[in-house]
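Across the two complexes that follow, chain A remains constant while its partner is chain B and subsequently chain C.
Let's look at the complex of A and B:
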């Protein structure tokens, strides 16, 4: 016990006296959290549109007014020539051209039907789909409006026979940020704990100090505990502080039990730390271990469902995710914080992580040799 | 000059000796492209839904069939009473519950109106939005179908045309984005670490007392990474072109030239990082935190810049990847020439100059 205490003391002194690393470890994650959560949004606003109104009737003007009044759109320019708009589309100054052809109002009055064209920059397919949906919404609203006006209210009675109502649970304001905060927090905690452990032992190897430890009577398990515990504590501290920031700045609800959350996180961190330790044992240089770690990180992060739901991934990806620890915590942390799921809802994931922790720590202990 | 080439050869040997790093260097872009191509999508496919049918009559069955016969939804659970809804959501494997009110058929025929309720787990607001619009779309379609003819209503028909990307493919976003991310990380991280390593190990001093000029030392150290990164970039482009049908409408020479410029920019950033970091660990943390997440999130790769709050839009102007992504999209997808991208090119050139200038300034101080 005493040996472990001294080892811990040594590690903490080494971490705390490093004046360049300390601010990186403590400040960086939180600056990132605050900035990046704001960046991560799929909400569309200020869509730049270019209006080509060749009809210039009261009906077409009414429609353009509707677009202008919408908070989602911003009128970038207008002319009578579609080519001018295309130029703007090419230079990214406009995202969509609303092209109302000549005779729009006349056709609408005489044939009860008129068409208009939406030219959308679709390089970002997702955004283009949303722009189209928003535009259709405005147009059909306007359509309804003039239908009622022109038929003196007859149209109003002919509503849809099936009424669809919807309600958004757990997040009625559709705030995307409260979904991203836990996600980015998981990433930050993972980066810190994985990289610090992975680089730590290799550094001792490169410096030659590992041999000094090897000749001492320190036992294998004492050494590993001494190496892992400090990073576990740092990571838990980061999680706690990150949650506090999320609560204060982004109003992230904490519906579920924090005890369960921290319990799961400890097990998760054991997986990550064991993994980092193992990687550092099989690597020869900091550059190498960093690159290998980085590779796994990137793959695991992208597949974990942080940006896109795991449900829309193909089956093989979900099979790969069985060995992806980040995917487990990503799911659990959001369930606990946002929906208040309890241990009964997550026990399967919890036990999987527990088994995983045994495997990864076991691997690390087995691979650690006191001989050089 | 001969000395210089000898030095470059030494660096190449250093890199090629480390098989593991080399494997990852080339495995990474392939893995990334495949992940983005097949895994990271926002498309709704076979989303698991639950249905709570209080009525169980012909009409509700028909609507259920309509929903499930689309590729979007798969029935994961049938719910029999109100209490189960919340428990189902908390369990987390169902994102949407559809509720049909009781006596659905009867109400539809006698009162001309019946209600379908869609309950969504909106923790992922974006997903909830998509699910809602797909579901209402299908139900409204059905509704229109049973509605007696609409009579003489004026109808405006919007005709959307998706320019540059007819089928709304994701590849147009992720190939440029992946390139920007990988090239930036590989070059900036590798160079910063390999230079810092020499400093940390004390071998830098050995190099400095050699007859090589300091510029030659740095140039020699980064040369192999230029070659590797360029190969990487070409591999990503080839994968995008061959596997995912990413078009190359513009000039290939211009495309490769801009890629090279971006690599050199990333290198000078890497050199700059190495001049300010005392240890490899610090160099790594700076490259990791200052480059990885911002390059992913502030460059317009995953989230469009126009939607961000203005301080972040402003911040994104100092993210080099942003300009590279704009360039690549212009050249590959829109097929525009140099006239449309000279501004971005100039920005990248300027950034390179700034990083090199700063590095020279810092490097000299260390020599004294």
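Let's look at the complex of A and C:
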């Protein structure tokens, strides 16, 4: 016990004395939360549109006004020639061209139908989809508006026999930030715990201190606990700190039990720490371990469902995610914080993580040898 | 019973043999030196003795314990100072010492008498980070850390490499004091002048122990007569001497050359004559007493 306490004391002295590490541990939650949460949003604002109104009727002008009045759009320019708009698309000055052909109002009055053209920059398919959805919303709204106006309200009632009323649960305002904060927190504790452990033992190897430690009567379990516990504590501190920031800055709801959340996180961290320890045992230099760690981090993070729901990933990706620990915590933390899920709702993920923790720690313990 | 017994051990790294059938014994309380060039297998041998490496063949006993099977018991009895500085650079002098004392389940106070002479020299800097110490002071700290648990056998891998001459002398003075306290010491060094301070030395080359005895007896047993030659231009002297067919070996020794002849006799006058013909000035040729280095050079040439 005394030995472990001393190992811990030594690790903490070293961490606190490290002039790069300490500020990073404090600043990282701030920077990641504030920058990433605000930047990584899928809400579209100020979409630049280019209007080509070849009809110049009161109806076409009314439609353009609707777009201009929307906070989502910003009128980049207008002209009578579609080619001018294309230029703007190419230079990225406009995201969309609204092309109203000549005779728009006439066709609408005579034939009761008319066509419009939307040209959308779809390099980012996600964004293009959103722009299209927003535009459709405006156009169909306007469609109803003129239908009501022209037929004095008869058509409107006829056209909408079914009314759909939405109610968004767990995030009623569909606030993207509330969805992102828990995700960022997962990334935060993962980076801290994985990198710190992975670098730590390799550093002792590089400095040669491992040699000196190995000739002492320190027991394997003491050494491993001494290496894991400090980073477990730091990662939990980061989670608490990040949660506090999320609560204060973004008003993230904490519906579920924090005890359950921290309990699950401890098990999750054991998986990550064991993995980090294993990586550092099989590597010889900090550079090596950095590369390998980075590789796994990137794959696991992008597949974890931080930006895109895992449900919409292909079947094989979901199968790969069975071994992706980040995906588990990503799901659990959102369930607990936003939905208020209790242990009964997440026990399946919890036990999966628990088994995973045994495997990963077992691997690390098995691989750690004091003699070559 | 011997403090250390090494019986025909071999160790290979891939196809390279680092140790070949090495055998020797070290008596309790002995200061035993392992002398050899870089890559001779000194570190490998020490790593086997300190339980860090498992030999391919052979038997090892340190204080009666097998470093492979009984490493747990053995680790409490040995103090090891690796060749590279291997303490925590980001901990202070005192923290390092305290750390190693604690993991050996002891305290600085309990064994302070052992390290007093050494530690007192670095104590004024005890709040300084270990990485900010000079090379000599780092070695003193490393020795203190290796001694803090009162080991019975102290194993030091090239402790004076890269240390200035004064610190080297101080370091050896300390080893001699430790020897008086009954600690068995194994030390390796590439410096031949340090060999003379050991009770016994073993010369090692390419993984083989070539000779083992007290330094004085090794010198006594030097089989040839030795001459020393001096002139104003040592390098030219070396080249010219190599052309002189009577000589068996010529090698630089300080600012002069050591020579051995094929026969027991060397015609000094003729050699001087030859050198003067080659335009050497201040030529001196005389008989010399062999040193450990001469013995080592002789063995290497065989």
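We adopt the following convention: the second predicted complex is superposed on the first by the 369 of 372 C-alpha atoms of A that agree within 3 Å, B and C clash if a C-alpha of one lies under 4 Å from a C-alpha of the other, contacts with A are read in each partner's own complex, and residues count from 1 in each chain.
In the analysis below, a residue touches a chain if its C-beta (ideal position, glycine included) is under 8 Å from a C-beta of that chain, and two chains touch if they have at least 3 such contacts.
Note that the coordinates shown come from a computational prediction; the quantities given were computed from them, not determined experimentally.
Participant: Overlaying on chain A: chain B and chain C, fit or clash?
Facilitator: Superposition result for chain B and chain C: fit.
Participant: Kindly classify A:185 by the partners it touches after superposition: chain B alone (first), chain C alone (second), both, or neither?
Facilitator: neither
Participant: Go through the superposed model and pick first if A:64 touches only chain B, second if only chain C, both, or neither.
Facilitator: neither
Participant: With the two structures laid over each other on chain A, which partner does A:357 touch: chain B (first), chain C (second), both, or neither?
Facilitator: A:357 sits against neither chain B nor chain C.
Participant: With both complexes overlaid on chain A, does A:264 touch chain B (first), chain C (second), both or neither?
Facilitator: In the superposition, A:264 contacts neither chain B nor chain C.
Participant: Could you tell me if A:309 is touching chain B, chain C, both of them or neither one (first, second, both, neither)?
Facilitator: In the superposition, A:309 contacts chain B only.
Participant: Does chain C touch more residues of chain A than chain B does, or is it the other way round?
Facilitator: Looking at chain A, the partner in contact with more of its residues is B.
Participant: Have a look at where A:52 lands relative to chain B and chain C in the superposition and call it first, second, both or neither.
Facilitator: A:52 sits against neither chain B nor chain C.
Participant: Considering only C-alpha atoms, give the closest distance between chain B and chain C in the superposition, rounded to the nearest Å.
Facilitator: 11
Participant: Under the definition above, what is the set of chain B residues touching chain A in their complex?
Facilitator: 18, 20-21, 24-25, 27-28, 31-32, 35-36, 38-45, 47-48, 89-92, 95, 108, 112-129, 132-133, 135-136, 139-140, 142-144, 146-147, 150-170, 172-173, 185, 189-190, 193-194, 197, 200-201, 277-282, 284-286, 288-289, 293-294, 297-298, 302-304, 306-309, 312, 315, 326, 329, 333-334, 336, 340
Participant: Where on chain C is chain A touching in the complex?
Facilitator: 47, 50-54, 68, 71-72, 75-76, 78, 80, 82, 84-91, 95, 99-100, 102-105, 129, 145
Participant: Which of the residues in chain A end up touching chain C in this complex?
Facilitator: Going through chain A, the ones touching chain C are 2-3, 6-7, 10, 13-14, 17-18, 207-209, 211-218, 370-372.
Participant: Okay, in this complex, where on chain A does chain B touch?
Facilitator: That would be residues 20-21, 24-25, 28-29, 32, 35-36, 38-48, 63, 89-92, 95, 108-109, 112-129, 132-133, 135-136, 139-140, 142-143, 146-147, 150-151, 155, 158-172, 174-176, 178-179, 187, 191, 195, 199, 203, 206, 283-288, 290-292, 294-295, 298-299, 302-303, 307-309, 311-314, 317, 331, 334-335, 338-342, 345 of chain A.
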